[in-house]
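Below are two complexes that have chain A in common, paired first with chain B and then with chain C.
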Partner chain A sequence: MSTVRVILGKEWASSLLTPRGLLLLAIQVVTMSVLAIVSLSLPDLSLMGQAGLLKLLFQVAVALAVALATLAASLTVAGERDQATLESLLLAPISGTRLLGAKWLAAAGAGAVHLLLSLPYLIVMGAGTGLALWRVPAGLGLALLLMAGYTGVAVAASTISGRTFSALVSTLVVAAVLEAPGFAAGALPKGALQKWLATISPGDQVMTLAGNLLAGKGLSGLGTSWLTVAIFLAAVYLAVRYAAAHLELMGGDAQ
Partner chain B sequence: MIDVTGVTKRYKSYLAVSDLSLNVPQGEIFGFLGPNGAGKTTTIRMLSGLLLPTAGEGVVGGVSLHDRQQLKRVIGLMPESQGYYGYMTPLEYLGFFGRLYEVPAAKLRTRIGSLLETVGLTYAARRPVGQFSRGMRQRLGLARTIIHEPRVVFLDEPSLGLDPQGQREMQQMIRQINTEWQVTVFLSSHLLGEVAQLCHRVAIMRQGEVLASGQPEALSRELGQGARAHIDVGDIAKAAVVCGEEGIAILERDGQRLTVALGADHEALPRLLARLVAAGVAIYGAVPQTATLEEVFLNVMQSPAERAVSA
Partner chain C sequence: MKRLWALFALCAALGGAPSLAAAAPAAAGVTVTEAPPAALQVGDSFQVSATAPADGGRYLLTLTMLDLATGSSADLEGWVPTSVGQTVSGAQAAASWAGKAGKAGHYRVYVTAVPLDQPGVVTSSSPSELAVSAAPAPQAAPLMTVAVGEPVVVALAMVWVLSRRRRGARAGGER
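For the complex of A and B:
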């Protein structure tokens, strides 16, 4: 377990304390600040009501945090390979599974920091809605499931695809394939097809769960959403395991 | 310390290493030579646990080649192209790898200090590695390679890209870790002078197969196209006649100096000198020449047909 902690520490330092990590955190903060100011000052948006604005800002905060953390995660192994640091890591007595597990955990953790940075804005926005404020961090907690899923996809793609650019492209392709049905469902009239399309998108389902929390409702009766998220996370876990086996088999060699 | 038999690595239809057998005793510096694509790096990656052999058995540092996790604890590898975390200082870099190898904290502190001293980087211990020259990075890489006190270290082109002074310093450090830290060294290098100076024994590889191995001097004798000698004489015409009578080929005439081919006959030079003295030829000097490792290497690299043509 200690080797995992060592990798975790190094990954956290490079995710959060390097110029690249700080830049990504700054993008989150600046975007949230701009959106918060715009939402509170534009009369057209205020027509949505405070609860509507909270939901919109929440969705943007989660999407942005997941996108930035996924971007960083897709560099995690491919970047080490590009910089020729991967071989030294693989020489250490740590299994591929533990190495990738630690990198995944670190990427999801860095993503959690992005979400945490959005929390004050969302609390301010939720303060006028009469909503119990614990629902905001709880909603972000649910968003962590999506964060864990997509950072896992990025870590696996980063390992299997070899180079940074192909890692980025393959992560984007996976995200597009998974989320496109959800977007398509939003454009369709209500019906069986629309419901089915929305069901298979993990992002849509996590937003449904979090949206229910923010609307003051419970999480019961959302079995399909939980199932979609569970299947998504299980598939990502298997993909990371496969990538770890691939990494050990290739001994760090690029494809 | 390294004892492997029949080690083979095949990638689909490409045979990278074929039926390799090696025995390197403890404390030796072993040179591993071959042109690009010969299979040296693949061999090193198999012997260090990075790659699993397709076939073959053996132990490195007392650990089976197939027990890759355990193997990584007893070996150190400095890859040919090694990257560094530019934002870390040497203290952080070595600390990171030391913890990864589970070196106890108290021991790690003293180990890092003495390693930085060995590789001459104590003065830069708190500077980011990103500001280091190539030579400094190579030295840090060597320190990283032995941070966990491995029994065997594999150095893949450690002097690549270094200036002559850097190469000399690297050679001194390799000798130092071999003698002071009692580490067996497996050295792959294209710098044949470096290998000849450092290594107790060498192996020469081509297209995945070891073509020759042994002590550099023995290889020079056996595979260096025979020994030669420079002889400075008073009467070069008379000396040439004597050489002809003795059946010794003259390779070159330069002023009063004859360069003659002696072949594999160790007695040829004293016999020739005795005949020259008997013939009344004054001898001012006689210097036997053995083939350099470079000549041996180039000779071994030729195919048998090419060798026949050269002969």
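For the complex of A and C:
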């Protein structure tokens, strides 16, 4: 079995099959359950309509899954350093890029499990709206792009900052800087500035793409959204490459 | 010849009277320029626009959404039901209301213009009929099954994993 596969399996197991990983999954599931029960019991929410509720539940599921998976990913390398297991990992016959790639893939995969656990809620909420139900998993598939981006940011921050707390803070800062324009755009009246602010926010653009799917529309004519997401993922990939070079240097220092 | 003139006068009276009758209320009345759609679902947004009488005076324009089942004015979601319309430099003032259909039922929607500057005639627009049907609601039974069942499954998985880890740690300790 290749070293990458071994690391991938170990990371995957530590992301999901540890008390911490299971607790994060439980947070996702319990939050979704509470929201689903509230959506049935609060009459004011009926004003949103079932399609509006589906969209709200989808956004919460994605935001929560990305946040929890990012939180776990920001502990990967920094956590190994804190537990003094990083040096032995660096002695493995594998390049830093592959090592971080395996950690990134495992973190994004754990995030995909979070999204997968939200799928039954969304399917049931979407039933009866006339929406083709394949659009729900397809929307979650688009959310995986955001998941991949932010877990990559977290892995890079975890490697570069080296400590768990600073990794967490730096990931939060990056997320806030990237997503704040999208939130600001939501508060502004429609106009050129509002459109521009929304455009530079990857979360907003992924939600636009997924929202179109959930509204029964196509994905054509959303070139700007695709471009924003592509630039975000390319920047994250470069950040992970940079962090991998940093990891090799740190490994050399440690030896 | 007299018969011919009489026929001509009759034709003029029949043809001319309706056009005069139609022109009169448009000059003095309130006109709905954007009526709500005839059928909506609860939660759907809609807009109503109206213009005040074009006589240079100030008017309070009030939108009424009358619930035909109860005979009372419906509580409208998300709008202020009154607006002051005023004719400025010859242009006719307009007011519009945007809101959401909050409750299923049959409604009659009309706009009333009350003159503010001097006593005058209160005028109302022609009413529009609006039928609001209930929006499709989430299916309670399957949603509750998932909302209760999935946390139970995850909790059982947690117990299983933790017990396996504990058993593994104990076996390692014994060795």
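Everything below uses one rule, namely that the second predicted complex is superposed on the first by the 250 of 255 C-alpha atoms of A that agree within 3 Å, B and C clash if a C-alpha of one lies under 4 Å from a C-alpha of the other, contacts with A are read in each partner's own complex, and residues count from 1 in each chain.
The working rule: a contact is a pair of C-beta atoms (placed from the backbone, for glycine too) under 8 Å apart; a residue touches a chain by one contact, two chains touch by 3 or more.
Keep in mind the model is a prediction, meaning the values are calculated, not measured.
Of the two partner chains, chain B is the only one that A:S95 touches; chain C does not reach it. In the superposed model, A:G49 makes contact with chain C only, not with chain B.
By the touch criterion defined above, A:L22 lies against chain C but remains apart from chain B after alignment on the C-alpha atoms of chain A. Of the two partner chains placed around the shared chain by superposition, chain B is the only one that A:T85 touches, whereas chain C remains out of contact.
Of the two partner chains placed by superposition, only chain C is touched by A:Y121; chain B is not. In the superposed model, A:T129 lies in contact with chain C only, and not with chain B. Contacts of A:L40 after superposition on the shared chain: chain C is touched, whereas chain B is not.
The intersection of chain A residues touching chain B with those touching chain C, taken from the two complexes, comprises 17-18.
Residues 45, 48-52, 68-70, 72-73, 76-77, 79, 81-85, 87, 96-97, 99-102, 144 of chain B are the ones that touch chain A when the two sit in their complex. Listing the residues of chain C that touch chain A in their complex gives 41-44, 77, 100, 102, 135-140, 142-144, 146-148, 150-151, 154-155, 157-158, 161-162, 165.
Against chain C, the residues of chain A that register as touching in their complex are 17-19, 22-23, 25-26, 29-30, 32-33, 36-37, 39-40, 46-50, 52-53, 117, 120-121, 124-125, 127-129. Looking at the complex, you find that chain A touches chain B at residues 2-3, 6-7, 10, 13-14, 17-18, 80, 83-95, 248-249, 251-252.
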